[in-house]
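What follows is chain A paired twice: with chain B in the first complex and chain C in the second.
This part shows the complex of A and B:
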């Protein structure tokens, strides 16, 4: 995996986020008969034609690809719900609407693999795009509130993809403020800055607590 | 540590413990290991159980293929198997990368050394020896006496000042499964307690919440 070797190893790649989202449950309506699947991640089924059942998204997509089921898009993916969310997002400059933690990834997967199961797909798609844009814009302006040493920053209602995108900035900004505000940290930051040319440094190190 | 924990939350813990599958636990360990700056405790029994499940599933897949079970079912079992294997491999690989990066530091810190599995300890030991030998052969042996250590810059260094350490001061993003009430950040007496609400992500210094990560009350994302 590409992300594992770079210095920001703790960031999840888009593929890894998708992997996590694929474990979210979704309702399908099978068109075939199949015994219960006893998988490592849980037991699913039995599957009967026309009887709805809950499965993880990856399983739903696998069945869908083979034409074995239709996927029922989640409730929040309806034009009505999304319109409400978009309006609410636009109304408030500061707060975010609660959305599923993996809403970007889930909708992407469904657009890619279950187009024919989503009513008004063009509308749904453009609504989600708009919601994404409005939220990203708000995140950008919202981050300007970081202006001093902050022990904990609540990212209320932010979702996996959004967290992942703001992570490098937020982490560095908070660290910078933390250091600027704390005299004992100045040494530490010197120390790190000098790590590449370590000859200059013989200062005491901060002890690891615990 | 947390003020809001009563009997109710003990029950919740128990409930979530028995309803959580190993696949979930493995996923959580993978995420935490990926997002934590330092190496975490090796999940020995979880890894053993997952390995066993993978072996069982491999056998099931083979048997099903031989006995002519519906190819669709077999392919679904195979996908489940692939997903679990990916998690397990990635988990172990992230740990190995951390070990390679911080091997000297981990080696000299007992607490960290004990977090490694037997195999990881063996690997770290080999790594340290090989790297030392390599440095000595290629560079250090040709330097003046004062600069021959692979851990110190020169003989006047009082401590090992060429040993990279993970930065525990860094901020991480975490999510609590349940509301943790007002939580007093470990190391900062002057700051007000932070209230950690369930579900919402927070950016917090790793050092101040690491005990919550160890005890599984909070997940890194």
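This part shows the complex of A and C:
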């Protein structure tokens, strides 16, 4: 497993998020017969050949590695769906498309372990890559709005990995703004009088275009 | 409030600020090395570290002036293009020192100045942290104050960690003791 996350970097490491994502359910088609598995996290199975069933991703990957099943890629992981999402992402500058919370991790796990089960894998992979890039760019431009009046950010439909990547930066930035914006430092009248850079009282006042 | 164990907070208080002695003081000639009397006259200007200046100021022994990094020239430069002012060279703890000085010096404009400067520079840090390749970064990094550098590094390191994970590499890390040949017992 991953090393413990660095307390100064982010709350989770990428590998830890991947570990969390492995609890997501996915459909598999087993090719063997096995009784129901009674695990702490739930009961899975029974497994009959050619009868689809829902299992956690970690179990699916484990079975897949042993050649005991084929994984059915999730519904959103199809070329049509992803193309739609990508177009919608590109169209709206402000909002994000709803995607599974762990879509980055799930897609990586499936690309690594079940590449033969995903139809059009090259297309799917590059679409997900594009979606990810568009979303990251949007996050970046979105963060530019942080300013002294920002108390919180509303980030709808952001996924685990995206949140995790921006977390250290956003937390630090918000803290810095909070410190600099304490009420005793900034007088309301002062702010209204000259919204941008105040210059000290002494010194020649230049007449600027109003 | 300042944090007792924060090393940056401690170092920030080590910045020199110009101060004027309101009273004459004996035995502290090292502040004002111009004569051999081992004495500081009333009205002499000295540069004191902030932590000392604050204590003396609270005892009304000195009055504090604003250091160079808050002078008119810097303010004008910040107003012109805050993102490209070399603040590290002037004062690596620009914001921290500014906030500390604010309560002691009667200048009410500092608060707004700090906020406006950070606002503009924050945006630049954000853009650079996302886009700039590591080759471009060093030149830009030399302009940043300590706080901004940390912000930049926070953004960079999490992005680098993510990219590393995505590129793959060994999925399992081997403990260093494994695979080593066992030493035969003596």
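Points to keep in mind about this one:
Quick note on the criterion: the second predicted complex is superposed on the first by the 172 of 210 C-alpha atoms of A that agree within 3 Å, B and C clash if a C-alpha of one lies under 4 Å from a C-alpha of the other, contacts with A are read in each partner's own complex, and residues count from 1 in each chain.
Keep in mind that, in the parts below, contacts are C-beta pairs under 8 Å (C-beta built on N, C-alpha and C of every residue); 3 or more make two chains touch, one makes a residue touch a chain.
Note that the coordinates shown come from a computational prediction; the quantities given were computed from them, not determined experimentally.
In the overlay built on the shared chain, the residue A:167 is in contact with chain B and with chain C.
Of the two partner chains, chain B is the only one touched by A:34; chain C is not. Residue contacts after overlaying the shared chain place A:66 against chain B, while chain C stays out of touching range. By the touch criterion defined above, A:25 lies against neither chain B nor chain C after alignment on the C-alpha atoms of chain A. After overlaying the two complexes on the shared chain, residue contacts for A:157 are found with chain B alone; chain C is out of touch. Shared-chain residue A:51: touches no atom of chain B or chain C. In the superposed model, A:178 makes contact with chain B only, not with chain C.
Within chain A, the residues touching chain B in one complex and chain C in the other are 9-10, 167, 185, 198-199, 201-202.
Across the complex, chain A meets chain C through its residues 2-3, 9-10, 13-15, 18, 108, 112, 136, 140, 143-144, 146-148, 161, 164-169, 172-173, 176-177, 179-181, 185-187, 190-191, 194, 196-203.
Listed in rising order, the residues of chain A touching chain B in the complex are 1, 4-5, 9-10, 12, 19-20, 22-23, 34-35, 37, 39-42, 58-59, 62-63, 66, 68, 151-158, 160, 163, 167, 170-171, 174-175, 178, 185, 188, 192, 195, 198-199, 201-202, 205, 208-210.
Taken together, the chain B residues at the contact with chain A in this complex read 21-24, 27, 31, 34-37, 50, 53-54, 57, 70, 72-73, 75-77, 79-81, 83-84, 86, 90, 93-94, 97, 109, 111, 153, 156-159, 161-162, 164-165, 167-173, 185-188, 191, 194, 196-197, 200-205, 207-208, 220-221. Contacts from chain C toward chain A in the complex involve residues 72, 75-76, 78-79, 82, 95, 99, 102, 107-119, 122-123, 126-127, 129-130, 147, 150-151, 154-155, 157-159, 161-162, 164-166, 168, 171, 173.
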